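First chain written, first letter: the chains are A, B and C, and each begins at residue 1.
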Amino acid sequence: MISPIKIVIVGGGTSGYMAAAALTGLVSPSLAQVRLIESAEIGTVGVGEATLPHIKEFNDSLGIDEADFMRKTQASFKLGIEFRDWGKLGNNYIHPFGDFGQPIAGVEFRHFWTKSKRLGISRPLEVYSYAIAAARNMRFDFPSEDRDSIKSTFSYAYHFDASLYAAFLREFAQDRGLSRTEGKVIGVALKPENGHIASLTLQSGEIVQGDLFIDCSGFRGLLIEEQLHAGWESWAHWLPCDRAYAVPTERSDDFMPCTRSSSLEAGWQWRVPLQHRTGNGYVYSSGFINDQAASDRLMGNLDATAMAEPRQVRFQAGRRKHSWFKNCIGLGLASGFLEPLESTSIYLVQIAVANLIQLFPTRSMDSRLAKEFNRLIDVEYERIRDFLILHYHANQRDEALWEYTRNMSVPDSLTYKIDQFRHRGQILRHKDGLFNPASWLAVLTGQDIIPQGYDRLADNLDESAIHAKMDELSARIAANVSEMPRHDELVRDYCFLAASRKAESIMLGATQ
Amino acid sequence: MTPQFVNKVVIAGRDAACWLTANALLQAFGPTGLAVEVVELPSRLSPHDVYATLPALEAFHSMLGLNEYEIMKTASGAYSLGQSFANFSPSGPAFFHPYGAHGKALDRLPFIQLWLRAHHSGMKVDFEDFSFNAAAAKLGRFFIPNDQTDMFARSDYAYHLKAAPYVQSLKSTALRRGASVRTSRHIEAIRNDQTGEIAALNLSDGSQVSGDLFIDATGPDSLLLGGAQNVGVESWRTWFGCNRIITASAAALRPLPPYSQVRALKSGCLHIAPLQDMTGLTFAFDSTLASDDEALNIAAMASQLRLRADAVADTLEPGRRSVAWAGNVVAIGESAANFDPIDSLGLHAIHQSLVHLIGLFPVNGSEGTERDEYNRIMASHFERLRDFQISHFKLNQKVGDAFWDAARTEPPPSHLAHKIEMFKARALMPMYDDETFEIDSWLSSFLGHGLTPEAYDPLVEMLPDDQLIPLFQRMLGYIKDQVQDMTSHDAYLELHASKNYA
Amino acid sequence: MPDIPSPIRNITIVGGGAAGWMSAAVLSKVLGKTNHKITLIESEEIGTVGVGEATIPMILMFNSVLGLDEDEFIRETHATFKLGIHFVDWKAVGQSYFHPFGTFGVDMDGINFMHFWQRMARSGGNPDYGRYNAETMAARDNRFGRTPKTDLSTMPKINYAFQFDANLYAAFLRRYAEARGVIRQEGKIVKINQQPETGFVTSLELDNGKGIDGDFFLDCSGFRGLLIEETLKSGYHDWSEWLPCNRAAAVPTEKPEGPITPYTRSTAREAGWQWRIPLQHRTGNGYVFCNEFISEDEAVSKLLTRLDARPLKDPKVLRFVTGHRRKMWNKNVVALGLASGFLEPLESTSIHLVQIGLAKLLGYLPRFINSYVAEQYNREMLAEYENVKDFLIAHYHITQREDTPFWRHCKYMGIPESLRARLNIFTETGQAAVQQTELFKEPSWFAILIGQGLLPATYHPVADTITESELKQRLSQIRTGVQDRIMTLPSHDAFIAQHCSAMTRTN
């Protein structure tokens, strides 16, 4: 038997507790003893959090009951992100968690759409997306498992209260043996022979030893940066936003199953609807607007009464040069920051945690595991980075920030992707990392990059047959959407309906 | 119909590359009015030449509308469930690289990790014994994968096809589909110096063929891409010691093995591919270590087969053109990348090239957008294939043989180096974009060549000891039961794909 | 009938006691307090029928929905473990049998084990089928232990339920429910307001002047059925032609000397039967009888002479009529517990019928409630009652006793057609013809029917398809598994002492 590895997590925000939940839920205590140290003083950046569909896999892998989780985190469903005024004023598009159309005769749908556009029959791309149609009508239902059904062409994520999610996972992890200590880290001892972290000293005087340290301390990187100097790579020249004001408002009638991102003069404003309130914020670049103006702008843009004073956070886009360095892993903001424009923060934590489980170390701390871990994380960061830059770069707005981002030089990998798409709707597919072709399609076309050509295979089909199929598809989407439940009603009932059904079947002895 | 940028494609070349391309382009774009004209150069095939394939070819054939059993009949084909690698280590036994997966994962734990743990605690059963393909192959059985076998683990199969009748059959299908063909002994490209593109080809009868897009299927000579477009070769010689190749044949093996064999010899590798009515031998070797005559003797001795007097020798130059598409010339087959015979990649490389050419068929203008993407993807495909081949040479244990010592000490390309490093750590297998061989193939090769992981995933310890052995016993029992119910390779062929079956 | 307002947000429970607090606990746990208001009205004055209560293993499912810590639950309710029921003098005076939770042997070749047992018994083997059941053997030895979830061995698992103090159980669930937001209103209901057109109950008025309104009401007021009967006149279907007992005298006794038995005992008496339910601190006893065959006074004095320890109180006599409410769900009222019907506790089904009612109710809440749903609920609940009823009648009807007028009546009375059909099939084929949805499964019917002396004429022919030696081999393997399991179990007393003794103070 291997003796259990001692894992010390520093920081108790969402990332700390996601790591704790996964490590206690998926790894037996005979292999890992997990301890989490958090300081109530420091507090966490708990805002309305928007996620990607992958989060469901994370929860499912831990055996978390969806309705229970949604009830306890005040969650709502999310079918995508609505982008307002991005690209140019008046634009409105949705990046859906779902396909546009279905392939016809083995050819991707977008090529038929491009062809019909060139023939002058232009219907918006979004009428072919089930997820968008549902979102626009404020409806939601669960995807069908029947692969042939139009209702199977989407997935979904959640909006939830990040602090409640952390609390939910804390309970989960503590039930499974997480030992949690409240306290502040005031000292760190390194091993002289290799510079690994040997132990932490808490304010109480306790010395906490560990084999692996997971740094969830936020932007500052208490261990990974302040102690181990893993290095920082700034991407601020591509993603110039460096501050945000966040404020919760009372819940409003607008309960669209979408995150909303509205482009503003010096950044963008988010809106995340939860069951009990709505999260709002203005992400901006301090080089293009001052704090007071940004705060005023946000408060003037709310659609319901604010429940608190706006709170400021500061950051810089970029990533840690080594996410796993020596015997320390930076997680969440400690490993890098990408603005929440595409709701990738939790995803990045999740993928890092999943990779850690895949590459689970023993006490001997094989450095090769770190090498592979970092390779995988770097791919994730770079893919997301390009996608975010696209939102800023492809614009026709005339404010200073937008002129800057339009004219800045972007990574070659992004220029290449844009050229490929513009020329003939080609979208690169990769084995690892976000985003899938439908996402690129949504944002590229949403910001007015329209393919000039299309796959010649689309010419194999008779034009009238193509139009018949496309019309049938949009009609089928509209008909199905009209029968979906309303999002607000479904959320309200689902959270306890499912619990009722489950209790029923247990009490009748139908399931164990 | 929308006017198209490319109205006519000219394919210049020979053999499988030429005729697979004609079929693929006509099948894809014939209905859109694409004209395909083939300038056929004299075949380089010998009557005994064999195309050994990889499993994906079946899907390609069905995309092209080709009937599997018809092809098997015409080309005296045999099935292949994998490859046996012998003699790559002086002490180790032969190992089997199955076209399929091994064992069944449990919870989130990959089978390799379960196996490693059992192996560490003394279990003697080999990794390959958990493969349907390997178990069936060893008993001379053949099966078409079905739901039952897939539930346990993915299985696949490939073919050995007699080259000349296979090409003949592809040619007649292409002609039926509307390809026009002219034969020529040689060709000469007429280049538009302003655009750098090829305008037309001069044929040996003095006539000229013009077109919008030219396919170079001329083989290693790469007459259009390498010649007219002057695209250079990135040689892979540093990793591949063999620079010469002899092909020969012998009588058919009975019973007919449903797999091919590779044997490491002092001066190279001998490949044996069984067909219904003969056996194809390919010996790739280092000409500084053996003359052609010596090589032939070595092949005969090592194979213990009575070789027919039909041997042919040729040079072998592994490497790829720095780009596969330049101007309006796309190279398909050996004109783009020339592989060592190990792992039987020839037809597969053609297949991959054609799939991407169809996917990136130029839509307008000559901006080269498709060309850039095609070249990026194909370079990546070719290199991942090459890496798998290098693994066999890099990991050999024939210490003391100069040829093999050199192969073993040569530093591998970076992607392969990373794979080897991660495998050594604990059987991790990083996978990249555009890989043909799946994780299990890599594991099979690395383990088979004797590379031993230093550890296994500690999470496997969560499984109680007393569950592991019964789990393995159940898997082995299941494989055994299934394989016993399968028909023999001979019987299967006789029933479905034999010329002699009434 | 017009639809009940949907969705339901305001639920009022009338009556505490086990049924009321079970309802409050599970609804508060499952529905949460964000969107629902749950109120329970009870009056200390009225009090509850608090006797030693025995249960069946399905209660573990109820507890798991509540997420209870089992040891804590046992400590708080002074509970003991129950492996089954020991039936004494039912078949004939001087004979007894055990109805265990769990199965006999293992089913083989697609048929029930008891067919193989019959083949063996008919060819002269040892007819004691208890040896093939782990609960029976553990009960004989007063042993108990839980089977760990991680136990993957082939030894049979131990199935169990509890015997607890019903008052303590109600109190325990009350703490649980109140912690989850249930509002308890002390008071006696003096007025019930209905909507004039529909007759729906809209609000209740208490003697303290308070008014309580609700969308939906659960009537847990006991036999009288304050809402379901006194207000809504749902009607009662009397089953006493088959189950004539209509009185029970109950008395608690001190904890007797000797081990606490991990089972309930039911002893047939001249005009009914006597229960004995051991708890950690005392024993519940009672005589269920029919006043047409024995007077209340005589029954009480007989009971007092048949106790194995000193009584702690004077016996209390309860009166009832076996049967069920014709509509258990009427308009916006659902009756649970005694308000919905009464079946004597011979097979410990009272708590379970509340559990089933709540489960089905949860399946419909909080939306989609209309008259069709109510009708469906009533059909399903009636089927549950009918199944239990037939099972109970079988105990009385299949007997060799003719020593008293009561038993002669039972033996020669007519029985429901459904039971008649089942007994015929059993006599002819040895199969109990149990449907998937029935509570009592094949092993229970076997235990009772064979225990009461009804031996089938034949057994399933498949049981003859193995050789004699293979049969012996298999049976001895099963007995070995049972033996091995028993050896792993501590005594019932020791188990309680170690894990969940009510005498231990926990902080």
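Just so we're on the same page, a residue touches a chain if its C-beta (ideal position, glycine included) is under 8 Å from a C-beta of that chain, and two chains touch if they have at least 3 such contacts.
Worth saying up front: this structure is predicted, and the values here are computed from it rather than measured.
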Taking the mean of all protein CA atoms as the centre, name the chain whose own CA mean is closest to it. A
Quick one: which chain's Cα centre is the longest way from subunit C's? B
Chain centres from averaged Cα atoms put subunit A and subunit C apart, in whole Å, by 51
So how far apart, in whole Å, are subunit B and subunit C when each is placed at the average of its C-alpha atoms? 70
Quick check: how many Å separate the C-alpha centres of subunit A and subunit B? 40
Which residues of subunit A touch subunit C in their complex? 71, 492-493, 495-497, 499-501, 503-509, 512
Subunit C residues touching subunit A - in the complex, by the definition given at the top: 7, 26, 29-32, 34-36, 58, 61-62, 64-65, 355-356, 358-360, 362-363, 365-367
Residues on subunit B engaged by subunit A in the complex (per definition of touch): 1-2, 4, 28-29, 31-32, 108, 358-361, 363-364, 367, 369-370, 372-373, 418, 421-422, 424-426, 428, 430-433, 435, 455, 457-459, 461-462
Help me check something: in the complex, which residues belonging to subunit A touch subunit B? 1-2, 5, 26-28, 30-31, 61, 115, 118, 357, 359-362, 366, 368-369, 371-372, 375, 416, 419-420, 423-424, 426, 428, 430-431, 452-457, 459-460
